[in-house]
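Two complexes, one shared chain (subunit A), two partners (subunit B, subunit C).
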Partner chain A sequence: MKAMHDVIAIADPIMMKAKTIITTVRNTTTPLRAEKRIHPFWVIVHKEIADHVRSWRFNILVVLIALTCFGSLYTSLTALTRGSKPDAVTDAFLFLKLFTLTDGTLPSFTVFISFLGPLLGISLGFDAINSEQNRGTLSRLVAQPIHRDYVINAKFTAALIVISVMLFTLSLLVTGIGLIRIGIPPTPEEFWRILCFVLISICYVAFWLNLSILFSIRFRQPATAALCGIAVWLFFTIFYQLLVNMIAKNMEPSIMATSEQVIRYQQFIFNLLRIVPSQLFNEATTTLLMPSVRSLSPLTMEQVYGTIPSPLPLGQSLLVVWPQLTGLAAATVLCFALSYASFMRREIRSR
Partner chain B sequence: MKQFFMPLRTILLGILSLAGTMLSSHVAGKGTGVTLYTPYTKISVPPGQSIDYTIDIINNTSLVKNVSVSLNNLPKGWSYDLKSGGWAIGELSVLPGEKKNVNLHIDVPYKVDKGIYHFTVAAPGIALLPLTVIVSEQGTYRTEFTTKQPNMEGNANAAFTFSAELKNRTGEKQLYALRAQTPPGWNIAFKVSGRQVTSVQAEPNHTESVTIEVDPPDAIEAGTYKIPVAAVTSSTSANLDLEVVVTGSYSLEMTTPSGLLSTAITVGDTRRIALQLRNNGSSPLKNIKLSHAAPTNWDVVFEPAQVEVIEPGKTAEVYATIQADDKAIAGDYVTNLEAKTPEVSSKVSLRVSVQTSMVYGWLGVLIMGGAVGTVYSLFRKYGRR
Partner chain C sequence: MNEYIIELADLTKQYGNYTAVDHLNLTIRKGEIFGLLGPNGAGKSTTILMMLGLTEPTSGRVRVCNWDATRYPIEVKKRVGYLPEDVGFYEDYTGFENIVYTAQLNGIGRGEAAQRAQQLLNRVGLADAAHKKAGKYSRGMRQRLGLADVLIKNPEVIILDEPTLGIDPKGVQEFLSLIVQLSREEGLTVLLSSHHLEQIQAICDRVGLFVKGKLLAEGNVHTLAGNLFTSEPLTIEARITIPVTSVVTVNDLQRMLQDIEGVLTVAIQGNTFQIDCARDVTSQIARKVIMAGADLNYLHKKEYGLEDIYHHYFKEYESYA
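So, the complex of A and B:
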C-alpha cells in the first residue's frame, strides 16, 4: 500500500495531492486523531500553497520578478545618489523615491509590479480548476465530506497568500536594501504608505488571479484559459490605449473651444482610461507614493491659485484615490463572485 | 620883447596851476597836480563786511607822474589789497591829463568794536586821500546755527526733516562736529549734500546747509520733544533747539487668540476663526476695515465687517468665517486676512488645509460592501451543497 502510494505520488503529484487531502480530511473527521485537528479548508489551502511553491512555473516567475525589482531598485538608487534637485516637498519623502524614481535605464518598481503583476496572477490561476478536472481529481476531491465551495475558496486563498508573501517580501527587501544604501530610516508616514502600496498591489494581482480562475472554470483546456488571460492583459496593456487614443483624436475639441469643454473632454478621456485595472493601480500607487500629488484630474488655474505646494497627509491621499481603490477591489470581488457562482453551478462529475 | 614875455608866461601858468590846485585842494590836499579821488569817503558797514573802493588817480600836470600808492593807519586786524588791471600794485604811472583806476579791497574783521575808523590812502609826497569807515555794530567771533522752521509736528512713524544753516562767522576755516542730545530710541542723521555726516567743514564767512533727519521711536507717547543740536569745534560752538511734536504712533497687530495660524476645512464647508486686533500704538485707531485675499471661489465673511475704534493698548475681537470652494482639491492653501486703517495695516496669512469630504469615501465603502455582500449571498446560496 505504501509502495503503491509512492508510485502514485511520483507518477502524478496532483493525484498525490488529492490523496493527501483525502487522508487528512479523513483523519480530521475521525475523533480518535483529534490532537492534530486542522480545518479541512486549511488542509486544502496548505496543500495548494505547497504545490505553488514547489512548481517550476512559480519559481521562474519569482526569480523573474525579483530580478526586475532589484534592477529597478538599482536604478532608483543610482538616480538618488546622483543627486536630484533639492526640493523641500519631495525631499521630505525621500524613502518613497526608492519605489518611484528611475534613472531612465529601467522602469521603476511600481511600473514593474503593474506590468508583471498580471502575469503572476494569471500564471497562478489559469489551471486552477480545469487541470484538476481533466485529470479526474476534482470529482474525487468533491466526493470527500467537504463543502464544495472549499475547493474554489481554498484555491483562491492559497494563491492570494502566496502572492501576499511574495509582494511583502519583495517590498521589505527593497525597503531594507534601500535603508542600508541610503542610511535614512523611513518615517512612520512613509512606512504606512509603503504598506498601503503593497496592499493595493496584492489587490491588483488578486484581480488577475480571479480573472484567470474564472477562465479556468469556463474553459476546459488550461492553455485556452491561459491564452484568454494573456489576451485580456495584452488588450488592456496595449490595444486599449490605442483605442482610447483613436477616440480622443476624433473627439478632440477645436482650438476655439472653451476651457470648460476642454476640461470635460480631458475628464472623459481619463475616465475611459480608468476602465483598465492597471490605470487604476498606477493612479493609486502614484498618489500614495508621491504625497505631493493632489489630484488625478486636470486642474484649472482657479483650483491651483493660492495653493501651498505641500504633501498631503496619508488619509487625504487615500481619499483622493478612494474611487480607484473601490474600483479595483470591486472588480476583484466581482470576478471572484462570477467564478464562484460558475463553479458552484457546473457539472463536475464527467471528465 | 621876447625877453619881456617869458616871465609873464611863467606867472600866468603859475596862476593857472594855482587856481587848479585851489579847486581840487579840498580832496587831494597838497597841490602837486596829482589827485586821488573816490566818491565814497565815509562808509557804514557791519562787521565782517568787505569794502571795495575804486580810487581814481588823476594827473593834472603836463608831465608823466609816477605815483606810489600805500595805505596808512589801517586799524589792526584789518586787511587790504590794492589792485589795478588785475595786478597787485605799489606804484603807478599816469600820463598827463589822464586818470587811472586803483581797486582797494578792505576786509573788515568780524571781531571789531563799534566805532569810527580812519585810514589814509597815500601817494607819498604827492597826494593823500583820507577815508572813514563806520562799523555799525559790535563785531563778533562766532558760529551761527539756524533753521527757519525749528518746530515740526507728525505721528511717531513719520520722520522729521529740518533744514538748518551753519554760518562760520569766524576768521578761520572750521571743522564742526555735529551732535544731538536725544532720549534713547531716537535716531538723528545729519546730512550734507545728501550724504550722512558727523562733521562738516566750513570756510570763513561761508554758510553750509545741513539737513537734520529726526526719527522718533515708533512706540513713543504723544507730546512735545526738544532736541538740542550743536555744532562744536575747539574754539567755537553753536546750538540749535529743534522741537518735535509727536501726535502719537499707529500700530496695529492682527493675530489669533492662540497664535495658531493654520486651520482645516472640509471641501465646501465653513470654518469660523477668532481674530484679535490689538492697538500697539499710542493713538486710537479708527475705522478698521477688514479684507481678505483667498483662493478663487472661496469666501471670507468678517463679523463685524468693520471695527469703529480701538483705544491704545486695547484689543478687539473679530470673527472670520472662511468658506472653501465646493470643488477645491485637497491640500494646503494660503488665505490672507488684512486689517487696514488709513494709517496702518496688519496682515495674517492662514494656512488652510482642505480635506476631501468623507461622503465619497463612504460611497466607496458602500460599493465594496455591496460587492462583498453579493459574495456572501452566493456563499449562502451555494456554499453548503
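So, the complex of A and C:
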C-alpha cells in the first residue's frame, strides 16, 4: 500500500508537468489571431465613452449646444456684414470676431460656452459613481483585478475625451462655416488663438465635470447630485454677482479717497469676482479672442498714457491670462483630488 | 505549498466603537465548500470584503491564495471570483456583453473573452438569454449570470455572498447543485455565506457559525452536532400502542422503561413516548416493549440538524452576552 502511495507521489509531479504542457500547448494554439489585449483602464474608458455617446442625455445636449452654436455664428456673421467699418486694429483679427461678435439678438459663442459648459460638465458626471452603486455594479467592478482609482480616473478620462471631441468639432465647424461665409482665411496666429480658446473651454468644462463627479461620490441619489451641481452653478452665475455688488456698494471709497485706495478697492472687488470659475473663463477667453485687451486689472491714466493701441501677440495675451488659467486648473485639480480621496477611502458594499 | 487557500488570523474590523468582526481565526482548504452561516449583520460580508482587500482590517491578517489580501489586493482579485450580495449588471447591455466586459477587465482579449463567455453562459443555462438585455433578466437568471461572471476569470476560489437570496426554491436547488458541480469539476474552493440553514447543510463540506463578529463553532454538520450535544441527553421517540387484550398498562410500561439503565426521564403524550437517556439505549427499549406485549409502531432517535445547532448556539450566545 505504501509502495503504491509512493508511486502515486512520484507520478503526480509528472502528471502535473504533462498537464502544464498540455495547457500551454492549448493556450498557444487556441487564440484565433494575435489577440490584442487592451489595458483594463482603457477597457473602462471605451465602455464609458460608448455609454455617453449612446445616451439620450448626451445627444440632447449635443443638439442643444450645436443649435446655440450655429445660432451665435449666424448672429456674428450678420453683425460682421452689417456692422460699421471696423478700425484697422480689429480688422487684423476679423476672424476671431466670429466667436465674440453679436448683433444683439443672441449672445456670442464664448458666452454660450461659458453658460452651457457647466451644464455639459454636470450632466456628464452627476451619476458617474452613484448610479453604479445603485445598480449594484460598483462592487462587482471593484472586485475585478484593477486598482480602485481606475474607476474614477477612467470615468473622468472618458467624459473628458467626449467633451474634447465635441468642443473641437464645434469650434472647427464654426471656423469652417465662417471661412466659407466671410471668405477670409484665419491667420496662423488666429488659428492658435482659437485652439487655445478650445483648450481653455475644455479645462472649464472639466472643472464642472469634476465637481459633479465629486457630488456623485458624496450623494447616493443621482438627482441630489445633479441638483447640487446645478445649485452651485446658479449660485455662481446669479447670486454671487449680486453678493459681490452688495459688498462693493458698502465698501465703496469716498470721493475724497486717494487713487491708491480706489485701485486697491477695485482690485479687491475683481479678486472677489475671480473666485467664480466662469469669471476666470470669461476673462481668459476675452483676452485670447480679443488681442486688443491688454490688462485685466484697473490701469491708471499714467499707465495707459502714451500706449499705442496695438494688439498683443499670442504669447503676451497668454501671459496676461496666466493667473486665470492656473486658477481654473487648480480648481479642477482640487475637485478631482477631493473626489479621489473620498472615493479611495470609501468602503464599497453592494447596493 | 500551503494547503490552506484562505487563512484568517486574529482578524478584527471595527467601525468606531462597533466591532463588526472580532478576532476571527479561520482556515479553509483547497477544494472545500465552506459555508459561512450567521444571521444578518453578523459580519459575514465584512469578512468577505476583507478577504478581497476591499476594506482594510483594523488588525489581524488575511491570506488568500498565499497573498496578503490587504497589501496585494490585485493579486488576490486575479484569483478570486466574488459574487456580491444582490449583484447588479449594466441593464442596457446584454448578459453576454456584461461578462465579456468583466473578462476584458481581467486582461482577456476580446476574441477569447467572447468564446469563454459563450461557453460559460451555456454552462449556467443562459444560452437562450445570452443576447437579451440584462435589465430584463429575472432574479434567478441574474444570479446565474453572476456565477458566469465570477467564473470567467478562471478563479481558484469563488466567494458567494448570500447567493440564493430572493430566488424561488426550485431555482435555489438548481443554483446550488450548479455550484457543487462546478466546484467538483474545476477543483474550485467555494466560500458561501448565507443565513439559510438547509441550503448550507445541503452542499457544504464544512460550516462556520458566525454571530456578532465571532466564529462560534466550525466543522462539518455532524461534528458540530457532536460537540454540541455530548453533554445533552439523547432523545428517543417511540410510538407504542398497547393492545386491549394486553395486561400491561401505560403506567407499567413507563415504569419498565424507566428501569432501563441510562434512561433519565420518560414522558408520555398520547401514544408517543419521549425518552431522554444518557446513552443510546434504543435496542433495549425495543426489546422491553416487545416483551411486555405492546406493539411498537416506530422508534426514532432524534438527529440534530443544522437548525437545532443554529438555535442552540445562538441561544447560548445570547444568554452569555
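Please note the rule applied: the second predicted complex is superposed on the first by the 316 of 351 C-alpha atoms of A that agree within 3 Å, B and C clash if a C-alpha of one lies under 4 Å from a C-alpha of the other, contacts with A are read in each partner's own complex, and residues count from 1 in each chain.
Note that a residue touches a chain if its C-beta (ideal position, glycine included) is under 8 Å from a C-beta of that chain, and two chains touch if they have at least 3 such contacts.
Bear in mind the structure is a predicted one, so any value in this text is a computation, not a measurement.
Student: Does the superposition put A:Q303 against subunit B (first), subunit C (second), both, or neither?
Tutor: The first partner, subunit B, only.
Student: Once the structures are superposed on A, label A:E347 by its partner contacts, choosing first (subunit B), second (subunit C), both or neither.
Tutor: In the superposition, A:E347 touches subunit C alone.
Student: Check the residue A:G136 against both partner chains and state whether it touches subunit B (first), subunit C (second), both, or neither.
Tutor: It touches subunit C, and subunit B stays clear.
Student: Touch test for A:T326: subunit B only (first), subunit C only (second), both, or neither?
Tutor: first
Student: Taking the superposition on A as described, I'd like to know which of subunit B and subunit C A:R82 touches: first, second, both or neither.
Tutor: neither
Student: Look at A:R294 in the shared chain and tell me whether it touches subunit B only, subunit C only, both, or neither; answer first, second, both or neither.
Tutor: First partner only, subunit B.
Student: Kindly classify A:I146 by the partners it touches after superposition: subunit B alone (first), subunit C alone (second), both, or neither?
Tutor: In the superposed model, A:I146 contacts subunit C only, not subunit B.
Student: From the superposed pair, tell me which subunit A residues show up as contacts to subunit B and also as contacts to subunit C.
Tutor: Shared contact residues on subunit A (touching subunit B in one complex, subunit C in the other): 147.
Student: Quick check on the complex: what are the subunit A residues that touch subunit C?
Tutor: My answer: residues 30-33, 35-38, 40, 43-44, 47, 54, 135-137, 139-147, 347-351.
Student: Would you pull the subunit A residues touching subunit B in the complex into a rising list?
Tutor: Contact set of subunit A toward subunit B: 147-149, 294-295, 299, 302-303, 305-308, 310, 312, 315-316, 319-320, 322-323, 325-326, 329-330, 333-334, 336-337, 340-341, 344-345.
Student: So in the complex, which bits of subunit B are touching subunit A?
Tutor: 294-298, 325, 327-335, 351, 355-356, 358, 360-361, 363-365, 367-368, 371-372, 374-375, 378-379, 381-385
Student: If we count contacts the way the header does, which residues on subunit C are in touch with subunit A in the complex?
Tutor: Spelled out, the residues of subunit C in touch with subunit A are 45, 49, 52, 54-55, 74-75, 77-78, 81-82, 84-92, 101-102, 104-112, 146, 149, 153, 161.
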